[in-house]
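Chain nomenclature is as follows: A, B and C, assigned in order of appearance, with residue numbering initiated at 1 for each chain independently.
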Amino acid sequence: MIKYILRRLLLIIPVLLGAIIVVFTINYFSTTDPAMVKLGLSASDPVKLAAMREQMGLNRPYIVQLADYIWRLFHGDLGNSYVYAKTVWELLAGRIPNTLKLGLGAMVISVCVGIPLGIVAALHQNSAIDYITTTFAVIMNAMPGFLVAVILMLIFALKLGWFPVSGAEGFKSFVLPVIAAGIGPITQNARMTRSSILEVIRQDYVRTARAKGIAEGKVITKHVLKNSLIPILTMVGAGLGTCLAGSILVEMIFNIPGMGMLINSSIMAKDFITVQGCVVVCAVVVALANLLTDLAYAYVDPRIKAQYTAGSKKDKKAAEAADKEASAA
Amino acid sequence: MKHISRLLALALCLVLCLSLAACGGSSSSTASEAPANDTAEAAPAAAEESAAEAPAADGDLKVFVYGTDANSTTFDPASDLQTNSGNFLVHAVGESLWTCDADGNMTMKVASNVDYNENVLDITLNQGVMFSNGDELTAEDVLFTFQHNASQFRTMAMYACMDLANAEIADDYHLVIPMNYYDAALIDLLGNASCMILDADVAGADGYAFDWLIGTGPYMLQGDGITDKSGWEESVKYTLVRNPNYWGEAPYYDEFDVYFYSQESTRYADLQSGKLDAAYLTEATYINNLSKGAVPDASLISVNENAVFCFEMAVEMGGASGEAGEPAVFSDINVRKALAHCLDIPTMVESLGEGVYDVASSLVGEGSWVYEDLGVYEYDPELAAQYLAEAGYGLDNPLNVSVYCEGTAWNAALCEAAQAYAAAIGINLDLSNVTDFATILPSLIANQVPMSVGQGSNGSGNDPANLLQQFGPSSDNSLLRVRDEELAELFNAGSSEPDHAKRVQIYQDLIRGMYDQYHVIPICVGTVNFGVKDVHTSFAAAIDTSNRVDPCLLTD
Amino acid sequence: MNEVKTPSVDAPEKTETVRLKKRSYWGEVWHRLKKNPVSMICLAFLAVMLLGIIFATVLSPYDYTAQNLAERFQTPSAAHWMGTDDYGRDLLTRLLVGGRYSLLIAILSVAIGIVFGMIIGALCGFFGKYVDSVLMRIMDVIMSIPGMMLAICISVALGSGVFNTALALAVGTIPMIARQLRSSTMLINGQEYIEAARSFGESNFKIIMTHIIPNTLAPIIVQTSLYIGGAIMGIAGLSFLGLGVQPPTPEWGNILNNGLDYIYDFSTRWHVIVFPALFIVLAELAFNLLGDGLRDAMDPRMRQ
């Protein structure tokens, strides 16, 4: 297992490199000239513009610029902002905690609320609780995130005065933003959990287990939940990305100085190097989350673990055995 | 049965959600309906106020909390005057040599005397003026400030009249600058808060990137700017505290917390929630709402500016600044006339502006000393269609023009309304291309933008030379760059004429000439708006002659 | 309501057999879908909306760009069923025409996402090993960039427009669909009937097309409805940031976003918020519930 973790850790590096390349390429082929962004109206002086292009290394071929960016990145240098008189890292450092609080908070409530909701709904299929949960999930899933955020703010911050309207000072100011960013993932988790459990509950091995006279509670925990967790886990892993992205709009509405707000203002100002920096940081976070997902995935489903660790014939036999075990269970 | 209950549950939830949204919205807009909630809303504000008034645990600290627009990108006063937050900062932290009111009357500040004629600018400084870091202000600092401003693109042209290379520092408090040519607007420009005097030892140091600002004003950013930068939280707020070395009389407040809001709706909400004592407002809907009393304990303070919103049309395109380019669609006066007469400007301004804006009747506002009422171009679509037909276009042969509309809500609203009017006679205004400055920049530099909407002046002062600078031949970011010989001559004559009465005449001739040529279509007079808690009655008086808040003038 | 007890394919009644043979797989799905009133209501709603959207310019007496500044913010009346917006344009007309853009972009982006996601997912799950690790690493790369951020980046780089916006949103959905399909393919791949097909000497292409993809389609159908909903939401999000389709062109997201400016005037201008929100929410509801219905119809085991 340790060998597998190490291998997965090593695999993160190409993923991150790929993410950097993708974002760098998108930005590189954008029509705006960074030297012009940096100079503003002074770019009308062609000599100044040429000098700035030279200074920023924009005259070098694409591949050299890319390599240079990656090389600096591995030395911890994300470059200098085109717009602010600061390095990208200086801009980012203060904002990462806010976005992480928001993103992780949203993910935590999406798991802690969404999955139990889904389980309860599935286990009491067609009961009142199921209808209420499903309807709640369906309607909330159909509401645009920014609308939810605005409504939450109007009711709980302005009308009731329970929480502050804006800012990132203390626990209270994060409550509404976390709910706003988490509402989408909650409903998705609830829906996925419900349908996944319903699917598993009709599998033959569950029927067999029941027929064998195993207690209902044990059937649910041992057979149904364990087997239905797999697709839900993929959702949870992907959910962090959604939560981080969802935080862009939420940060803007609740005026939380996080990466989302930085990304938005940088895009508007065409400060692409800052956008790149933000995306790289997000990619690192999401890659780590995906790693954890995969580990959990392997832990839950022996078949997949077996496939990953497969190398020798011995492993393959183990995998087959695991396979049989799983389908027999 | 199962399906029916499912449907019922669905409908119930939908109704619940929408009604929640409805009461959330209506309760905050109709304040009088819900007195119980008002007390709840006002509670945090009241707590804040009482904390400010009554002796609190941390002494009797008077703190004013202000909500402003998005984050400044730099603290350079020469390039960051446009943002409201930057403005507030230079007023509090900096001081200019003197200040000028709308009529050009001077009040000395850092300088004790000035002598200005076509040959020389002779400045004598007060002794004992201290920067917040303890340095004394000398002639060297003043010269450095001028040199810095002259090197910055936005202010470059305005400082070009001074021959800074041959400036002479007679002694520590005496600066003599020979003039390249006489510029009547210079005194007004140097009296603007953006011309605050910088500390040459700090700002002139290598690698200083204007991420901190030190001046001689009554306030300073909290911290020393070297190891302690606690007064500046990137994109959150800045904190101003008293400058211990201030040479003048100390103003009322002990501290200012200035918060940044990228979304105006959130800023408005925080005025309601009581977090803010005052908020800067730009969008008509919030301004109108506030004026109707939607926030129970706050009211609107609105001031008209002297700069005017207008549609600018490029008479020629291409060619670098100062060179001739190729004729543009608007080089034909009939096209300009057609556009001017097809827009129902009074209706646009009154309805879209929700009563916030006044229709412009000149290229400058009523507060300017060159203002005379020239009226608006008459709304006459038939006449407009006739002009357009003369230019060779019409409904069956439409003219396509792309418009640059910088992202403010008001600019966008004007463009969208104009689009419908223009389409009715056969001019297709394409608004889809550009929404931000960075994208338009290359086209602007290459002089390839045919039309734009925006406020004429760059806010540098009240002198007509500054108010009209955008349209003049020397402006580098204007679309217009008037090539009309006669008008260009008037532009130059206006700024180099020392006699006040003659200047009035020249500028009035110039504005009338531009009106006759349909060079720009004036729309409405710009306004500056603030939502202010009612307890701060001095706020209206704290707005200076260039329509910016001067925090030093607040007294309650 | 449930007279026909889940006509399972394995053991149909005799009378059913004749009919079943006449019906194709999709015919059978349709037959079962018809029995679900929620799905049928959704389907009817979507059909009506689609007709309204398609024939908006014919049905409505108003031009969606024609402004009348004297009639701003009129509340719903006989002349303007949903009132007028901030430029005095008929809101219903704009919402119907806006639906063309919203739905077009959403469907286009999901179509792009599904086609690529399905191919990649099936390849990964079926071949495993190197194909799997290479393709999945590429998917991981895209997955590691949060979808909305990727969409923003692409949308800024490509500029606004229908296809660009669709593409910007599609790229983020590809890996999700691919992952989903990969895991279900991996589960199916070990099943006996694939082994059997292999032993008959069927080509890999044929196995993927005839066994893998149809058998993994059910979760994708559920996903499709979710993704169309997600795409409508994504477009609205981009509109909120000022990207996507630009204001003079109507689109649900930017109509709603525009309306939200007037949220503090809710008592008099509620219609510019409520109706666009209703259009978005109802369209999403319809897509989601229809998706659920389809899933149930395609997988008879799901019904009790």
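In this text, a contact is a pair of C-beta atoms (placed from the backbone, for glycine too) under 8 Å apart; a residue touches a chain by one contact, two chains touch by 3 or more.
Since we're looking at a predicted model, the values are computed, not measured.
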| item | value |
| --- | --- |
| Chain of greatest Cα-centre distance to subunit B | C |
| Interface with more contacting C-beta pairs, comparing B-C to A-B | A-B |
| Chain centre separation (subunit A, subunit C; CA means) in Å | 21 |
| Rounded Å distance, subunit B centre to subunit C centre (Cα mean) | 45 |
| Centre distance in Å when subunit A and subunit B are each reduced to the mean of their C-alpha atoms | 40 |
| Multi-partner residues of subunit C (at least 2 other chains) | 242, 260, 263, 277, 281, 285 |
| Subunit B residues counted as touching two or more neighbouring chains | 2, 6, 10, 14, 21, 24-25, 28, 265, 407 |
| Multi-chain contact residues (two or more partners), subunit A | 31, 126, 138-139, 143, 150, 154, 252, 264, 268 |
| Of subunit A, residues touching subunit C in the complex | 11, 14-16, 18-19, 22-23, 26-27, 29-31, 125-126, 138-139, 141-147, 150, 154, 184, 188, 191, 195, 198-199, 202, 230-231, 234, 238, 241-242, 244-246, 248-249, 252, 263-264, 267-268, 275, 278-279, 282-283, 286-287, 290, 303-304, 307, 323 |
| Residues of subunit B touching subunit A in the complex | 2, 5-6, 9-10, 12-14, 17, 20-21, 23-25, 27-28, 37, 40-41, 43-44, 70-71, 73-74, 79, 153-154, 209-211, 233-236, 259-263, 265-267, 269-270, 272-273, 275, 320-321, 407, 436, 438-439, 441-442, 444-445, 476-477 |
| List of subunit B residues in touch with subunit C within their complex | 1-3, 6-7, 10, 14, 18, 21-22, 24-26, 28-30, 265, 268, 283, 285-286, 289, 294, 344, 347-348, 351-352, 407, 409, 412-413, 416-417, 419-421, 423, 431-432, 435 |
| Touch list for subunit A against partner subunit B, complex | 31-33, 36-37, 39-44, 83-86, 90-91, 94-95, 126, 128, 131-132, 134-136, 138-139, 143, 150-151, 153-155, 157-161, 164-168, 252-255, 257, 261-262, 264-265, 268-270 |
| Residues of subunit C that touch subunit B when the two form their complex | 1, 36-38, 41, 65-67, 69-70, 72, 86-88, 160, 242, 246-249, 260-267, 270, 273-274, 277-278, 281, 285 |
